[in-house]
Amino acid sequence: MSLLLILLIVLPLAASVLIMLGAAPRVMALSAAFLNLLISVALFARYDLTAGGWQFLSEWKILPKLGINMTLGADGLTLTMLLLASLVTLSAIWIAPKIDKREGVYYVCLLFISAGVIGAFASLDVLFLYSFHELALIPTFIMIGVWGSGDRQAAAWKATIYLGLGSFILLIGLLALYLSIPAVSRTMDLRQLDQMAAAGTFHPSSLIYLILLVGFGSLVSLFPFHSWAPPAYACAPAPTAMMHAGVLKKFGLYGLIRIALPLFPEAMHQFNGLLLLLVIGNILYIGYVTVAQKRLDWTIGYSSVMHMGYIFLGLASLNIIGVNGAMILMFAHGLSVAAAFALCGEIRRRTGTLDYSELGGLAKVTPVLGLLFGFAAMASVGLPGFANFAGEILVFFGATAYGPAMILPVIVGVWGVVISAIYMLRAYRSTFWGPMMARWDSLTDITPTALWSVILLLVPLMIVGFYPQLLVKMVTTAIPR
Amino acid sequence: MNLSTIAWITLFVPLVAAALILFVTRASKPLAAGLVILSALITTIGGWTLFAKSADGIYHGFNWVDFGHALSIPFDLALDPLSRTMLVVVTTISPVVFIYSIGYMKEEVGFARFFAGLALFLFSMLGIVLANNLVMMFIFWELVGVSSYILIGHYYQKASAADAAKQAFLVNRIGDFGFMLGILLFWIATGGPEGGTFTFAAINHPAPIFVQNPALLAVAVVLIFCGTVGKSAQFPLHVWLPNSMEGPTPVSSLLHAATMVAAGVYLLARIFPILSSSPEASEIVAWTGAITALGAGILATQQDDIKGILAYSTISQLGYMVTGAGLAVSAALPMFHLFTHAFFKCLLFLTAGSVILGMHHEQNIWKMGGLKGKMPITFLTYCCGMLALSGCPFFSGHYSKDLIMACSWEHHRGIFWVVVIAAGLTPFYMMRQAMVVFFGKPRSEHSEHAHESPLVMTIPLILLAIPAVVAGYPFFEHTFFHEIGTLSEPEVPAYVPQVFLGVFLAGLALAFFLYRNVEKDPIRIPFLENRFYIDDLYFWIVRVIQGGFAKLCSFTDRWFIDGILVRGSATLVWTVGFALRFLQLGNIQAYALFFGIGVVGLIYMLLHVR
Amino acid sequence: MNSLFLEIAVVLLGIVLLLVEAFSDRSNKDYLAYLGAAGLTGVLALSFLPQIGPLPGSPEAAFITSDILSVFFVRFLLVATIVTLLMIPGYRTVLERYLPSERAGGGVGEFAILPLFVCAGLMWMVSSIDFIMIFVSLELATITLYVLVTYLRQNTASLEAGTKFLILGALSTGFIVYGISWIFGVTGTTNILALPDAISTLPESSLYALLFGIAMILVALSFKTGAFPFQFWIPDVYQGAPMPITSYLSVASKAAGFVVLIRFLLSLEAIPVLTNKLNAVITLLAALTLIFGNFAAIPQTNMKRLLGYSSVAHAGYLLMGVASLASMMAIPAIGFYFAGYLAMTMLAFVVLQAVSEATGGDEISRFNGLSKRSPFLAGAMLLSAASLAGIPFTAGFIGKLLIFEVALKQGHYGLVMLGCVTVAAGFYYYFKVIRAMYWQQPSEETAIPVSATTRWLILLLGAGILILGIYPAPLLAALR
Amino acid sequence: MPTLANYLIASGLLFATGLGVVMLRRSIIVIFMGLELMLNAANLSLVAFSRYGLVSGHQNYDAQILVFFIISVAAAEVAVGLAIIVSLYRARQTTHVEDLDSLKF
Amino acid sequence: AAFWFFATLMLLFGVSVVLLRNPVSCAMSLVMSFICLAALYVTLDATFIGVIQVLVYAGAVMVLFLFIIMLLDLREEKSRRLNFGATLGGLLVVAAFLSILTQVILTNPAFAIPTPVLVGPQLSDVKMIGMTLFHSFGLPFEVIGVLLLSATVGVVVLSRRTLR
């Protein structure tokens, strides 16, 4: 029984308790995040690929009668997501600016989000998978409301209610799933669920899949359940946006991969048309919405919605290649969008505005910032050399392999790459290139802290981009046969 | 040191140089230049060694992605006659241009950034050359795209430069859209998850599906060809190349004349067997090339920017190559023209750069004049390049062009005549440029005080002038092309070469008499000056159609999905709550009344519901 | 030990305290509250001794039973009363402000003692199986509550609340009595457990009469449990009543009402002719209550009143459980929900009491910037709000989970869908408090004092919320 | 001889009258009287039931006991209620329901 | 005969409680209808209850009422504008209630039975009640006791002018 996973969850919580009791917030938070990164790297390295399957298991009995226990375990996908989570957490905490009001609350919120998402990824029990994710709801609400910018209150409300409703629908779906198990063997343990599904001993109604799709979908901002995301990300303080768009959002996809993929194969085939329709909505429609944006933060917010489309495309292709691509894309998008939001926040802190009409030519005064943003932008455009490209191309191969039904989605997807180039280059052009307003002459370039916390995100992105097989062989362990 | 090591080193040295500059020596100019040129020279040595040792074979690196049977994307280097020849071209021209750049960029800010960009480009270009499969090629294809983006946007403070860079990237992306689909189509056609592949070796044998269904094959090939259209600036995606002249001249010379834009043609040469196995596709390719050659030639006659003229001539020449690829019996033909063109066009751009420097960054030819005395070396080398380009006998360009002519006559008369006209235009606009720039009397005080460029720039000119003249001679033809495929002159009636010669002389003479000491262009055709209004048309499409659609989407997203569906339902709930709360009147009797109503209702329901 | 002793012990405790109060002349009457709490704790301890119900055949056996339901809810009521009593010292200043007393502390003593009698009444109520017993114990609790609600005699709000409570309460009494008489008239018995047999022998023709009686009883119980449209008294009375009494009303008396309702329905649901009818009625009540409680709470600005609406909302969720009584998990679910409900609601009230004590009002705006003025209170309120809204790792979440599970199991899909919407609404109005505490700036910076009792109370309740939320197994085992 | 139905209807009417008083009159005292009427209506029906529903020829005295309880409870209720009304009057100088609307919405 | 007489009388007085404006007269008619009710009890052979009824209601309760009315010296209800909506609603509810009730009663033959005769040598009413009360209803009786106690305390607390 390995305690490393529970340690991953406990460390942030412990740190936040200490902060509540008056320890120095930033120090505590940073050290917890750093330790977490170390642990997850260690886990990632120590995972036994030849054995595969679930490892580092540990279990606590919670409701044994109902077959609900807190079970932690990890396979390749989990570890990848944990790595993502701890990377982004550290970067987010590291890049957090000087907080003058209620510093403690700020870091406690961040740590809670981190703990929640880590717990969600590490849980083998569906109920805890869900519960841990909810842990982030209130902190996000508080952070956007207190330290956000722009029309932050409305954004916070919308996101909170939307996600609350979405996750409750999800809960209902999970309950329905649970109840559709023959009463003797009721359980929420993923492993047993998979076994049952593999053995064909239980066949949940495909309606449940739809409920789950709506529930998870609205957490992932699947079109048309996306309208909470852009304002929330645009208004949230950079670290929150990083955590939420980078990691938390991936939970919905993670859940679909873990639950829908193994348990609802027929249903997924049956409703693939619907899903593909929504995917096209995500890529094409949201893509063009993104093109129409006039502010940097909104552009990135919408782009993060659009890119979910590729991941869903990968899932919808229902084969090892596509799902693999989706998983890699989850990792890649998490890092790249986090970097983008981090730099967004840096720019906002310097200029106080992200309106294209007021920016321009900043590369002159903040060359390093410009360079980093260029990396982030190119990553999200899907340039080879970044993990995003690897993910996207795998998604395309997978989708192509699915069959003729995918012709249109694939064409749309490949065209989506052009769209994202359109808005990203536009964003870069109107932020960092072109003539610069005189009022920005005094801007200072990025601080070393911020520089390194962004590099922390970009380096893994490029490593994986150069050698995707590194992740491929990890995440493949999570793909149901 | 075995050959594969050499190959790998050759490929990665420039990347290392770029990385070093980026992370270590960003500050120092000489270090940056030194590193890059060093790496370039290493690649030169490597390239030539590989060529000399005729080190053919597949050098396996690692599996970039590997799902075993279902899909595996190997990262291999392919060395064969084709890639070796191309390798020589790239590795030979690059260091020369790099050296030239030292002089050209001396004064510039962002010197290091510029050289890092060049190194990155060299790496990606070599990647394209050595790639063994379509995906690898696509990867480096994108990378040259981004390096060209960086280099065009070197003067990012200039709005025009920034826009040009953006446009170049996007237009290429559009081409790559087709390229990607083509790759997918080839993969699925060759078996997809059941052992689909995309190594050139494999796809060049038509897959069974393609044999049964030639139309599908044509589609696949044309999709790949889209990549060429984008990268090699063929009509209708040619618009970016003239604008890319916003970049520093060495960039225009190396990327946008000699090597990168030729990658498209190289791609066609790579897939030549499959291309030629599909007549429809070949015809489409040929016509695209021909139209491009002609159109660009026409446009070149009315440009006033010294680099603009060259840019259009580049497009036109690329058109030749593409036509060649469409019509030839072997990949050697387009490659041959690519080969010769690389040298003389690179040379021409460098001379133009030297002129521009001499003119203190004045690019309008109508501000120049009478420079032949003031910058003799530049002038002479320019003449070599210009004659080679115009297809003057005994100059390299003549031979390659001649072959393309012959072959087009053999296969397709229509195309032949188009190409002939284009061939006639070339000497005309080149002569026009020469007359206006070098002859006559100065038209501005810049040209009064123009001066020859430093040795660091003139030596490269001389170095390039030599191959510009000789590169077409049979020796080179034999050395570099017989392994690729036959270049034997097809049997053509005597009038074909005569026509060719005739149009050459005609163009030359016409330009000579028209532009002999004139102050301003005697012929002004707005339709041509405005590039057939194609750019404006595209601009309009982007602004109105795409922009409009985007606005529409954003509007519906804001007001329908978010407005009505989301906020609407929220408001509904809020309203209901607000209304319900007014039942809570605070008056006991009201409560008693509701109570009574409740009682009656409850009893009634309990009694009568089934 | 005989379960009858518990109630009697509580009554005796009350009488003793009355005597003590009468013969001691200490002006500070807090010690009475503490004594009462201590005594009840003792009784609570007693309740964990192995107990037997009244001996079969003994006259009490006709009125009182000792089953899981009664055992659990007796303890529940004891805990609720203890918490209420511990709230009283913190409330003393308000009492002294509004009571016309010659010298300090006048009348405070009775305020601390009367809850004991209410508690006894409710304890009898939850363990009684006979309408006569139910009636008298209900009246014992209710009449005493009339007094307690009106206790702040010089505070018009309290008086108004008391009057409304009195009249509507008496009204419902009238109905329950009338209902009892009808059921007696038709079946010839007043014993709930005897009902099924009695009904089974009834002629078809007298079904309506029976239903009439049942309807009357349901009306009265809906009034107690605060189901729409009999919930109207709740927001007003909660807003006006003294804080500890409000929390007591919202937890204890509601629970007792639910227990009686459950007993009643359990005995009736077995009867085929009634099953569908009752099911339909309860489902409808649940739906209406959910809608009203949650939606009408959205625009509220007064915290106390908001909690009133929220208690209606929770009644709705509990009714969902009651509508699914057929499932054997229903009673554990409801019991668990109540346990969580006690912890989170009372926690909310304790914090609210401290805050309004310091700021002099119950509006939500009084919470502005609480996270600065007292992070402790803010954290506690955050926890309680989270639990009320049903965030995981709190008791509220597990409660909702179990309730929705049984509802799904019984196929109340409509209710479940409605439940989703109302839960979302709940997020809105509970988060309004969080918003006030964390987003808004405080009107003044001074820290809010928290007395030791309050602090411990908060810690206890908070721990309860978390423990129930993270490790619910033991309680559920106790309930099954 | 009157039948059980007659008594029931009588009690029902009385109950309804009480309800009417509660819903129509505005003086709290009178409303309170109405409530008393309702309780007594219940009593009447109880007694009637006990008289008509004989067990082994005797009246069913349970009902009468209940009546007895109800009367005493009612008495207590009246006492408390009137006390409340008195203190309300002392504070507000009114016994009018319409004056009690400070708590609403 | 007696039934009809007292029933009608009781109802008339009951209705007059609704109609009369003056609280005093309301109280008087209330007590009158209670006395009629007591009479009805007697017709149902529930003499003890009848007596209690007279004592408690006609005695204690009614005195209490009058006492309070005098104490607060409530004049006639100020004739405020009649709230038609409420009134109408109230009347409708009452009517609906009655209609359902009568329907319930009349449709049930079991209620149409004439008065059954009491058989056997029975102890007096009082004795029977006493016995049942103290034999089997001890527990509720205790509860009533507690109730009265706490009610007393409550009333004292509520109505003392000043508390000590």
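A, B, C, D and E label the chains in the order they appear, each numbered from 1.
Quick note on the criterion: a residue touches a chain if its C-beta (ideal position, glycine included) is under 8 Å from a C-beta of that chain, and two chains touch if they have at least 3 such contacts.
On a predicted model such as this, the values are computed, not experimentally measured, just so you know.
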Worksheet, complete the sentence: The chain whose C-alpha centroid lies farthest from that of chain D is chain B
Response to the item:
Maximum distance between Cα centroids and chain E occurs for chain B
Worksheet entry | Closest chain to the centre of mass proxy, which here is the mean CA position | A
Worksheet item: From the C-alpha centre of chain B to that of chain D, how far is it in Å?
Response: 97
Worksheet item: Measuring from the mean C-alpha position of chain A to the mean C-alpha position of chain E, what distance in angstrom results?
Response: 70
Worksheet entry | Geometric centre distance via CA averages, chain B-chain A, whole Å | 36
Worksheet item: How many angstrom lie between the CA centroids of chain A and chain C, rounded to a whole number?
Response: 42
Item to complete: Could you tell me which residues belong to chain C and also touch two or more other chains?
Response: 132, 136, 139, 143, 146-147, 150, 153, 163-164, 167, 171, 175, 208, 212, 235-236, 421
Response to the item:
Two or more other chains are touched by the chain B residues 581, 584, 586, 588-590, 592-593, 596-597, 599, 603, 607
Worksheet item: Where in chain E do residues touch two or more other chains at once?
Response: 86, 89-90, 93-94, 97, 100-101, 104-105, 108, 110-111, 137, 140, 144, 147, 151, 154-155, 158
Worksheet, complete the sentence: Checked against the stated definition, the touching pairs are A-B, A-C, B-C, B-D, B-E, C-D, C-E, D-E
Practice prompt. In the complex, go through chain E and note every residue touching chain B.
Written response: 86, 89-90, 93-94, 96-97, 100, 104
Worksheet entry | chain C-touching residues of chain A, taken from the complex the two chains share | 20, 61-65, 102, 104-105, 127, 130-132, 134-135, 137-138, 141-142, 145-146, 153, 157, 160-161, 164-165, 168-169, 171-172, 175-176, 178-179
Worksheet item: chain D touches which residues of chain B in the complex?
Response: 581-582, 584-589, 592-593, 596
Worksheet item: Along chain C, where are the residues that touch chain D in the complex?
Response: 132, 135-136, 139, 143, 146-147, 150, 153-154, 156-157, 159-164, 166-167, 170-171, 173-175, 177-178, 180-182, 184-185, 188, 190, 235-236, 239-240, 305
Response to the item:
Given the complex, residues on chain B that touch chain A span 62-67, 70-71, 135, 138-140, 142-143, 146, 153, 156-159, 162-163, 165-166, 169-170, 173-174, 176-177, 180-181, 184, 187-188, 192-193, 546-547, 549-551, 553-554, 557, 561-562, 565-567, 570
